[in-house]
Amino acid sequence: MKGQSSVPQAGIESTLGDARLQLAIYTATGRLIDHRKKAVSEEALPDYQELRRIAHELKRHTIENLDYYLAQVERKVAERGGKVVYCEDGAEVSRFVLELARARGERLVVKSKSMTTEEIHLNEALESGQVEAVETDLGEYLLQLAHERPYHIVAPALHKTRYDVADILTGSLGVERETEPEKQTKIARGVLREKFLEAGIGITGANFVVAGSGAVVVVENEGNARLSSSAPRIHIAVAGIEKLIPRARDLAVFLKLLGRSATGQALSVYTSFLAGARREGEADGPEEFYLVLLDNGRSKLLADRDKRESLYCIRCGACLNHCPVYRKIGGHNYPWIYSGPIGAIITPQFHGVEQDPWLPFASSLCGACAEVCPVKIDIPKVLLKLRAEVTASGARGGTERRVFRVWAWVMAHPWWYGVLGKMAAALSPRPAGGGWVNKLPGWMAVGPLGSWLKERDLPPPAEQSFRSQWERRRRGA
Amino acid sequence: MREGARERILGRVRTALGRMPGEGAPEPPAYELVVRGPGPGPERVRLFVERFEALAGKAHMVGSAAEAGAKAREIVAGRSVVAVEHEVVRAAGVMEWDGDVRHGFATGEELRRACAECAVGITSTSYALADTGTLVAMAGPGEPRLASLLPPVHIALVPEAVILAGIEELLLRVPEPDEGTSSMVFITGPSRTADIEQILVRGVHGPGEIHAIVIV
Amino acid sequence: MATGRVSIFVTCIVDQVFPRAGMAMAEVLERLGYEVEFRAGQTCCGQPAFNSGYREEAAVVARHFLRVFEGAEWIVVPSGSCGSMIAHHYEELFPGDQEMAKRARALEGRVFEFSRFLLEVARTDDVGARYEGVVTYHDSCHALREMHIKEGPRRLLGKVRGLTLKEMDIAEECCGFGGTFSVKFPEVSGGMARTKVASIVRTGAEAVVSIDSSCLMQLQGALSRAGVGVKTMHLAEVLAAR
């Protein structure tokens, strides 16, 4: 566990000060907002709210009975000729993959986009075990070449321009500089096609694990997850234990919400429902199938009844797109690979609230995230709980608590409240002509007032508070 | 070691939820799968065509398997073809074309090489979903996974009878897809990406061009 | 004419900084025939502590509020945010205290955000106001998403003689205030305010109207810093104008 982090002030300021990046984030998320809005409109999906309600209920039911469904999927996968492998953490996953690769004599792994494997830094672990792991989603591939982590759950390379991409491709592959996205894509396709046909192992994530079918469901647009799961001899799907849903029919609910919430697509281009390895009579497909079920802190989250719903997330990214904070600070100022509102609620639960005590406070609690969440996670509610946990842990220091204690005492003592209000009104500078305060004397421009004035003008307190005016009016009447 | 992981994880999950080993679960929340949209017939076909084309797929309507073959041949325009062993594809006469038409592979490796080398893959489809313009490919003897994936152009022959209203009807008809196949793939338009500056590029890993020849 | 007595909770920010919004609210209520009472013991709803993670301290303030407003039939608040704090969050401040939780719960049907009180209790959308000018309406987040107040204020503005409402392209987007967020993350908060200001300016309105004074403080602060001559007005001020 790392030491306690503080607000990444430098990163935030550099993101805010980068006009190009600001435009890129704003445009990309804005487009995703528009697409989603159309896709869930009354005309396009009249039962949208009902679907959200059912999705929430289905997730709740599965999570509340998770051990039952884990046992069921284990049995079902075995029936379909595959094997479930439980892993406590990333080290266990990489050990499993490396041992399997060694036993089968495989040296090359193709990977499709998976936040779960990002979470455990699987690529690095495999590389250090002499197994090459290649990301095959275009955005992820570019980031792997650039040695960066995803900027966004759904659009990982959202922060890169075509010129950045040209630099990455030229720098890493030695190809001629090309700035047209279409041609850049072709270059990547060529390189990756070779890898797909050569690799002995394909690793995918899973958007859903269907307990009753022993199947994983992988949703994508490019075809790289289809290739990763069907071209190599071995397919390994890595999923968090929370990804389970009860039955195949429940996909009619979740698939209708996922694509629409993520990109505004009624269905993403490819949805693969994969139940075990290739069967007798099938012309192609993997000979071996493994489903890795990863805990990595999830069972710890389950223990908190009030915050358990954080595990309902289907990783659509809608909360990021709609979050005015994410849209300002981007993805890389969040301490973990999960950014935006969902990152702000799950990171502290995975890592402990003491590690990034500032994170649950980096929100105006506007609630736009909860409004668009397809599984109705009450993100502001969880943020508020986490804030209370942070203060209880003492990670914010004693001064703030003392300030709030005094403040609460004053608020419960109206006479003092009135007197202090009058004092503030008397002390406050008042710009001539009745405008707002632009600047305070140095001794006053500290703490919250100083922070406020960095960005905005400040209203002076009223010369006559409401209570004084009311009292005067009452007497006059 | 990993066996230990299983017991530890399940143990923690049960403790967190306050459940006993082997405890059952109540029925999942009940809800109905409602089939919407036009029933079987020309309206449904029209909707499929409309939605398929809205996603930049190209749909063609023909009156018979033979006509489907002729249409496919026109699209192929002499390029190399990998054709799957499916009765609809056979009835369309694809296997009898002269030129580079590969089918009937002895080994998986041969099939794979053909898919990797050919310009066009010709398949049928297990089902199609009208409301999303989706092809449903269930892997089986007549439906390899790679024929609709590796060639840059994919042509699917779609008999009208396999067109369903949408995903609800599919899952009502096939509630346990895992019983019949190890792989069911929904194909909704050509392969695409918007990873660079949100600019749409087709054909990133899968086919950039996709045709549905609907046999009505 | 409506009759009855309403108790107003003006909120600390209106009391100390924007008293004219509170006076305007009282004036409109009196115009409708209500007897308006201001219980002098009132202070704050406790939200700053609650949102900062200090629930015990928030509970101290909530307890005080409950004491002050004991027996009030209707409590009208010129704020969606404070109103939502009282109506929706007080209960969670008293875990394990059945009696207090019950008292908190009992508030839910009695605490009304001002515009909602006009529409749902006074049952009027026309209070006889006249305001010459073009305004735009800012949806405050807690009103919009916790209390589902969206059309109500617009309906009221629609009946104001002489007033033209021009919608922003991002009326529902947060202004960036967020209580202590505004001073814990000033650059982010300021950036959000500027995004909103740009949208306000695009409407060509001369005033931005909201039902929350805290949002208006953030917006006016940013407008004033940017030197933009758009003013901010509480909905009550518009409705009190004749």
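Labels A, B and C are assigned to the chains in the order they are written; within every chain, residues are numbered from 1.
Everything below uses one rule, namely that contacts are C-beta pairs under 8 Å (C-beta built on N, C-alpha and C of every residue); 3 or more make two chains touch, one makes a residue touch a chain.
Please read these numbers as outputs of a predicted model, since none were measured by experiment.
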item: A-B or A-C - the one linked by more C-beta pairs in contact; value: A-B
item: Of all other chains, the one whose Cα centre sits farthest from chain B; value: C
item: Computed distance of Cα centres, chain C from chain B, in Å; value: 53
item: CA centroid of chain A to CA centroid of chain C, Å; value: 32
item: Between chain A and chain B, centroid-to-centroid distance (C-alpha), Å; value: 30
item: Residue ranges of chain A touching chain C (in the complex, touch as defined); value: 7, 12-13, 16, 324-325, 328-329, 358, 360-368, 370-371, 384, 386-392, 396, 400-401, 404-405, 407-412, 414, 417, 421, 424-425, 435-436, 438, 447-448, 451-452, 454-459, 461-462, 464-467, 469-471
item: Chain B-touching residues of chain A, taken from the complex the two chains share; value: 24, 27-28, 31, 47, 54, 57-58, 61-62, 64-71, 76, 80, 85-88, 92, 96, 136-139, 142, 155-158, 160-162, 165, 181-182, 184-185, 188-189, 192-193, 196-197, 210, 212-215, 221-224, 226-227, 229-231, 241, 246-253, 255-256, 263, 265-279, 281-285, 293, 295, 299-300, 302-303
item: Residue numbers on chain C that touch chain A, as the complex places them; value: 10, 12, 14-19, 22-23, 26, 38, 40-44, 46, 48-55, 57-58, 60-61, 63-64, 141-142, 144-146, 172-174, 176-193, 195, 217-218, 220-222, 224-225
item: Chain B residues within the chain A interface of the complex; value: 1-2, 5-6, 8-10, 12-17, 19, 21, 23-26, 28-29, 31, 33-34, 84-85, 105, 108, 111-112, 116, 131-132, 134, 139-141, 143-146, 149-150, 167-168, 171-172, 175-178, 181-199, 201, 203-207
